[in-house]
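Shared chain: chain A. Partners: chain B in the first complex, chain C in the second.
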Partner chain A sequence: MKPTFRKSMIWLHTYAGLFFAWLLFAIFLTGTLSYYNTEISHWMRAQVNTNQHVEPSANDIQRALHTLSQRAPEAVQWGIDFADDRGGPMRLRYRTEEERHSWTVVASPETGTFVETNPLETRGGDFFRTFHYTLSLRDFGGRYLTGIAAMVMLIGVFSGIYTHRRFFQDFFTLRGPDKLKYLKDLHAVFGVVTIPFCFVICFSALLIYISMYVPFSIHHYFDSYRQLDSQVSTRYSRIEPQDDSLAKPANIPNMLAQLNAQWGSGYRLDSLSIDYPHRENARYIFTRDKGKYLSNKSESIALNHAGERLESMPKERLARNIRRIFYGLHEAHFAEPVLRAVLFSLGMMSSVLIASGVSIWLNKRQGKTQAKKDKWITKLHVGVTYGLCLAVAGYMLCSRFVSWQVAKGGSSAAMHTEPAASMNTNAMSVMDIELSLFFGIWLASVIACIVLANHLGKRLVFLACALAFSALFMQDLLAKHGVLLALQRGDLAYLTISLLLFLSAAYFAVRFYRLAINKTGAQENDTPRRGNKPQRKHVEESH
Partner chain B sequence: MNIKLDLGLRIFSATAIAYGMAVVFSFALVPIFLLGFSSVISDAVYFSIMLSYVVCFAVAIASFSVTSVKRLYLSLFIAASIGLTIHAAFVSLCSPSHFIICS
Partner chain C sequence: MLFLLLLSSVACLSLAMNKHYKACFNRAISAPKERVLRLLGWGLMLVSLGMALVQQRGGSMGFQFMQWCCLLSVAIVLQVWLLNRVQQHKTQHGHKANNLKKANTRKKVNNIKEARNSKKTLAKN
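Let's look at the complex of A and B:
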């Protein structure tokens, strides 16, 4: 191995990063997008979520309970997931002895009740969230792959600290216009900025699936992970329904007064769950939103029908709390809009960090050899990284186009009252189309980059990205329930996604324009670099 | 030693052996938490697994930084032996029938 620890770390940083770069890039990019998963879902379903309200009143809850009593009179549990300010819609759910069911509702201005919305279901932003930890390979070891990638990223971060040891000098250095120098400085700056972020994200990713990654000691000391979890996690005790007792009407104003007394003003409700709603001993469990907690479990209060406090949930054990806090840090439910934007930026920087690492390695290789495989790797790198960006745009464009077609076919009022069964086939096909399009576009980008010359492939993908994101933004601008309506309503969640689309379109347009006007620069990528003498030794030897 | 063999042994150490060491220490740390920190068995298992990632990480780093492969494997062998000894020495104490005593 290398003679010194630092040189060993530089070697490890280079090759660990290189072999996992594309996987890590896909995980980090989609993971970063999932900071806005609710907002993206809201944006993609904009035509159906027209009646958002954030603070549920006693009247809202009464109306929701009335809807549930009509829909599922024999249920053993009802639930209401309240709309939130991130664009998450209100959902009602129930559970009987045989089945569970949930659906999205909006308040009908005519009848004052909650009606089911158009079940034109898209996976929305949840697709990115699920993809970033399963890679759409849930049953084929996708979660193990992401676990390995998280450990490799931790190793990359650690070895990167030794590679770029002059933190402050690296941080305040950004040299141009030489591409290699610029890439190195960008890599170093983003590396310094994102060290804590990457560490927390990767370590928490490993902690989330401890029962999958290191299950042996659990199975040695316990029958299953479930048994271990039951000893460290707490939940409300089971209640038995009182036979032959009829439910008394729920005193919702009293309940809300009790919540105010316990939590003070300014709290937001996340959900209400009602056990045995038709019995006298019905239990109403109100759960606060997670905005005030680092943990992924928020506070809840159990009340009876009169609004009197029932038993409280015991506190969880320290070990479980530590894991929950890491879980919460990973998901960032606590993040208000500004902090969420910061986390999103850090995620994007991490993605750029990973991609730029490969670019640096390729650029340096071009200076030394002219191996054919390097050209292949260069082409694949462009196809995988920018192709994924194009696939994201295609995925969003698809759902927008389908929902626009559906809206064109019927009025929005009809969409709100259409029975679920009649639209189910449509909903299934939308999800399938979205998935096929996402992976199809990604694959097509990779193939196009391989087939075409490097500069042509890169230009094509940049142009396609610029056009796709521009089309998304323009469609949003011209749509009836688009960005203009969101501006009127002050819908921050929607506007955030519109802004990100605009920035993406602008970024890719600029990148394409620069490539298009700089013909010599484009050819430069295909020719070996010569005579590029190192100016800063510590950076040159880093890779 | 042949460079390819050297590299292959290090990669094997950084992957399979690092994971194996994590598993060994997820067992070995349980009695340490039980006796040293008076934890209950569930907490001890939880903490052990969390810390086993650190062991895995440390072995992976060490695999590429220790200059001699022989010394690397010898160190790993000693560490694994210590871990297994701790587990074997206290395994009866932490067996399911002693859960109440442990906790």
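Let's look at the complex of A and C:
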């Protein structure tokens, strides 16, 4: 125990932070990227997937139902997920007694129906999303690890208030050329600014998997989590199919009128699912978008085939609602583009916060003994943090190259149904390639940083990052389905990602340039002011 | 709009601190000025919070509050960066700084005026 409370807090802040910094950095960076989950997927699949969000008309729904009835006449449930304005494509799905299936469709003007497209089978942005809470170790306790990390982050946030207690006097201050001071101020400012953000994010992360992290009380009162779940959350009651009846045609316009009466205007249809579509008592459940509400439960309306309302879902308990609200806050489904960008920059700030913490520690120790150990940590720090950025770029490049290969390889007939089988075998490997590429690049850059001298390794990583991001951007600029087409169509989701790529490229280029001209300062002294996207603007404008 | 209000409020609060006031105007702050700036800053912040909570364009109170918090964070970062720029300009070219500084403060004053005006128009509406 340390002599004073503050000293022990400082100790806690330093070592808890240090041990978990890289893990937390990886989690926060990929988590922040998954704010643009759908957008990234859209961007990565853009080669083939060019359909756009339009309000579905009664005619559209009718045609989708027609497609489904051709494809899956025996299904017990059909579903339509409508395209959204964040670049999510329209998908059709069905479920029979044995199997479930879903696929992406696009409206075909010639036949007047929806035909299957073969979007590039990449994981897209979903990879970052799953990585940030499972660390790709789902079966090996990855989610427990992230839970612990979230807890450590909370500890770090609160002990940080004691550690950097001067930040109210030095509020709004960024002190000049001295590196350590600058880093400290940056750390403090970003820390203060992101306190609410980090708190909400970490706390909601713990709440989302509360059943995993606090299993004992659940097992005390219930047999399983499922039982608890059935008590607190509500769903539509089951319906029994009427065996000998045949479906009557659905009165879609009537249904839409019913929805308008209920929700007014200004809602977006999220999905439609139909239970027992071939029976007379088929049930049509329309779900709307979650709008600007924090809870992640979206409103839905159940109708019968004629468009009359059926029994609605009972209200949920308070406890479940609280969890839903935190779930919603974590996922930020309610954010429109501006708010999403703000949240994204907050996420980036917290990544910078974490990385700069380690840099401060390293800078402080420079004059002291144990220089060799520190050198290792410095190298690792550069490798892990910037290597991750490089890996992200590599991951995105992979999809572009594969789609380019596909287009070149004469299967530009992606719209045809025939080569679908060969595409699918191909597609499995795409997922594997991009995954191994991601981890391979990350590992390679860590190794490179360890093997090379510190300043060399750092330059190499910066150069690689700058090149990779600008390659991405250039490719995007030149591609047929690239940024120019997106500009023409006003495809905001696509443009966001392109803009971020451009900013990343500019940021790393500037950083590399600064390192390269600063030959004399090539000693240890050039450790980072590590920043990602939000900081980029600072760097650009200060030159 | 909300963001401008927040930014001007944060600007007032930061200028109420002697260090930053000095950095911008080259002289120490006087006590009444400090009080005025501080009051103005907190007042503007309250007004913006009120505005955020009152306007409910199809959203819930919780959503508005969260949005307000996020915007506040960004406003603070922006202000930190602005002050840092002012400082840097001064250390780099001492003479030019005077003009720049004036332009900067003018901007800020305009910001505040704008915020007030829009407040008035809002009130009228």
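Everything that follows uses one rule, which is that the second predicted complex is superposed on the first by the 506 of 543 C-alpha atoms of A that agree within 3 Å, B and C clash if a C-alpha of one lies under 4 Å from a C-alpha of the other, contacts with A are read in each partner's own complex, and residues count from 1 in each chain.
The rule is short, and it goes like this: contacts are C-beta pairs under 8 Å (C-beta built on N, C-alpha and C of every residue); 3 or more make two chains touch, one makes a residue touch a chain.
What you see is a predicted model, and the numbers here were worked out from it, not measured in a lab.
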Practice problem: Using the touch definition from the top, say if A:I322 reaches chain B (first), chain C (second), both or neither. | Solution: first
Quiz item: With the two structures laid over each other on chain A, which partner does A:L207 touch: chain B (first), chain C (second), both, or neither?
Solution: first
Practice problem: Check whether A:L12 is in contact with chain B, with chain C, with both or with neither, and answer first, second, both or neither. | Solution: first
Exercise. Figure out whether A:I155 sits in contact with chain B (first) or chain C (second), or with both, or with neither.
Key: first
Exercise. Would you check which partner chain A:L339 touches, where first means chain B only, second means chain C only, and both and neither mean what they say?
Key: second
Exercise. Would you tell me the residues on chain A in contact with chain B in one complex that are also in contact with chain C in the other?
Key: none
Quiz prompt | Parts of chain B lying in touch with chain A, wherever the complex brings them together | solution = 6, 10, 22-23, 26-27, 30, 40-43, 45-50, 52-53, 56-57, 60-61, 64-67, 94, 96
Self-check item: Contacting residues of chain A [partner chain B, same complex]
Solution: 1, 3, 5, 8-9, 11-12, 151, 154-155, 158-159, 203, 206-207, 210, 214, 216-218, 220-222, 228, 231-232, 317-320, 322-323
Quiz prompt | chain A-touching residues of chain C, taken from the complex the two chains share | solution = 14, 17, 19-20, 57-60, 62-63, 66-67, 69-71, 73-74, 76-77, 79-81, 83-85, 87-88, 91
Quiz prompt | chain A residues touching chain C - in the complex, by the definition given at the top | solution = 171-174, 176, 189-190, 192-194, 196-197, 266, 291-294, 325, 329, 334, 339, 342-343, 345-346, 349, 534, 538, 541-542
